[in-house]
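Heads up, there are several structures right after this.
In the two complexes that follow, subunit A is the common piece, with subunit B as its partner first and subunit C second.
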Partner chain A sequence: MLPLSLLRTGQGHQIMVELKNGETFNGYLVNCDNWMNINLKNVIRTSKDSDKFWKLQSCYIRGNTIKYISVPDEIIDMVVEEEQVVKQHQPASSAGRGDSSSRGRGRGRGDGSGGRGRGDGSSSRGRGDGSVGRGRGEYRGRGRGDGSVGRGRGVHT
Partner chain B sequence: MSFGNASLCDEVDKKLIVVLRDGKKFIGVMRTFDQFANIILQDTIERIYVGDKYSDKHLGVFFIRGDTVVILGEIDPDKEVKEKKLTKVSWEEINLAQQAEREKLQQMEQTKRRIMTESGLTIDSILNLDDF
Partner chain C sequence: MASTPPTKKESILDLQKFLGKGLTVKFTGGREVQGILKGYDPLVNITLDNCEEFIRDPQDPLSLTGEKRYLGLVVCRGSSVMMVCPMEGCEEIDNPYLTQEESTTAEEEN
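Take a look at the complex of A and B:
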């Protein structure tokens, strides 16, 4: 888990951002990106010596001006939960991976179109590999037409 | 594991003190980091030292941007207090003390400057570089 993914989880929560120049911004985190640029709403901006205050409806802060951010404690637990959810969906997402690394799956299915394989493929992957994977499988299947290999790998997954 | 890289891997889940460029010191358990040394601290406290006095402020989960980090290292905050015989004071008191210390330093700096200018030297202060 990376620090920035924690920040992403914090979207919709109240955070406190201190900039390098000492100003602080309190508000709801609307959005953030990979550069740590952030959008806040309902913001209270506090001057460096905390003697002046401004109320802003929303604001955008460039990431590199940030010194640190205080986030609510519960966010850490939420990140852990989110990661578990992602893990549960891993088989499904591995269909996405199939197109780059484990083409075997695709092939297997492609064979399926030849007859035997398809039954195999669909039953072993019935878990819910995306239809995307199947589509790809057909291309490659035709190209390579190696039924046994495809099926074998398919079962592994 | 060692490829000649300085890595934060070994510090994960340990209690660290993080010193920022502005001199602030945060103590907390580092949960994660990335290639920029952005780090997440859990159960963070900010600790201010002035002389042999100190004070803590609880802050919770803290995201520190890597480019503001100067040093970080393992620390046992209670042991440190005992060994250095520090006395705990209130947050307000430490803030006042810090303010006083800053003013004193500033004054010393000004005096030094004046003397140097009088003897024909001008120095550009590097103290304000951090203000942007």
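Take a look at the complex of A and C:
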């Protein structure tokens, strides 16, 4: 489970955000992006020492100032559902390719959903799982893809 | 990440609706200013007119003294903007969590 997909799933729910400076923001998560910038509404802002409180209609927080975000427990179940739906709708696509015989070097690319790749030189092992995948193998290998960011590795047998 | 090329850099923050309205901006480092939104860009660089900075206590930079310093027209650099919120509907309040706890215990008693 990716942190940002958890956060995306939390859209519309009440969350608590603590910033690096110790301030906290309690409010409904309206929107978030890949930088963890977030938009909140109906916010209660609390100072670091919890001695001052502000009510804000809405606010935007830059992602890189966030220390952590606490999300309601029920989100976790919803993320699992979402991942299943994504898997159903985006079947595995080719993510790896091997193309050498003696050196056994393969390279693969995934296109978002993750997939599986196979070397054709000497059965190299490639692993691509996500938007970018890469595989490398020598003599023998296997490929597997299942996430969002890929990585490749060669295995010597 | 390859899936988020810089060209796709569109802010989730819609500042259009705040144009000409009062905006509070907090910067990394702790400074806080307030002004009328005159313009912005996708990097959340912000121009504020009639801008005022809230003066903080030199001994305790976390607390505001209530004094202000007039800055005039300023450009806020996006990379150091930490928080943006409209002045409208923004007010200091008493501890809301105490009252919530009290009300929930009261409900439980009932």
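What we mean here is this: the second predicted complex is superposed on the first by the 90 of 157 C-alpha atoms of A that agree within 3 Å, B and C clash if a C-alpha of one lies under 4 Å from a C-alpha of the other, contacts with A are read in each partner's own complex, and residues count from 1 in each chain.
We take it that a contact is a pair of C-beta atoms (placed from the backbone, for glycine too) under 8 Å apart; a residue touches a chain by one contact, two chains touch by 3 or more.
Remember, it's a predicted structure, so these values are computed and weren't measured experimentally.
Asker: Applying the document's definition of touch, where does A:Trp54 land relative to subunit B and subunit C: first, second, both, or neither?
Answerer: second
Asker: Using the superposition on chain A described above, determine whether A:Asn31 touches subunit B (first), subunit C (second), both, or neither.
Answerer: second
Asker: Look at A:Asn39 in the shared chain and tell me whether it touches subunit B only, subunit C only, both, or neither; answer first, second, both or neither.
Answerer: A:Asn39: touches subunit C, not subunit B.
Asker: Looking at the overlay, what does A:Met1 touch: subunit B (first), subunit C (second), both, or neither?
Answerer: First partner only, subunit B.
Asker: Where does A:Asn21 make contact in the superposed view: on subunit B (first), on subunit C (second), on both, or on neither?
Answerer: both
Asker: First (subunit B), second (subunit C), both or neither: which does A:Lys67 touch?
Answerer: The first partner, subunit B, only.
Asker: Looking at subunit A, which partner touches more of its residues: subunit C or subunit B?
Answerer: Between subunit B and subunit C, C touches the greater number of residues in subunit A.
Asker: Tell me which partner A:Gln90 touches in the superposition: subunit B (first), subunit C (second), both or neither.
Answerer: After superposition on chain A, A:Gln90 lies in contact with neither partner.
Asker: Enumerate the residues of subunit A that count as touching subunit B in its complex and touching subunit C in the other.
Answerer: Common interface on subunit A, subunit B vs subunit C: 21-22, 65.
Asker: Which residues of subunit A touch subunit C in their complex?
Answerer: Touch residues, subunit A against subunit C: 19, 21-22, 31-34, 37-39, 43-44, 47-50, 52-62, 65, 112, 131-132, 149.
Asker: Would you tell me which residues of subunit C are touching subunit A in their complex?
Answerer: My answer: residues 1-4, 11-13, 28, 30, 44, 62-63, 81-86, 88-96.
Asker: Using the touch definition up top, name the residues of subunit B that touch subunit A in the complex.
Answerer: 20, 22, 26, 31-34, 38-40, 42, 59-65, 67-68, 130-132
Asker: Can you check the complex and tell me which residues of subunit A touch subunit B?
Answerer: Those residues of subunit A that touch subunit B are 1-4, 6-7, 20-22, 36, 63-73, 75-76.
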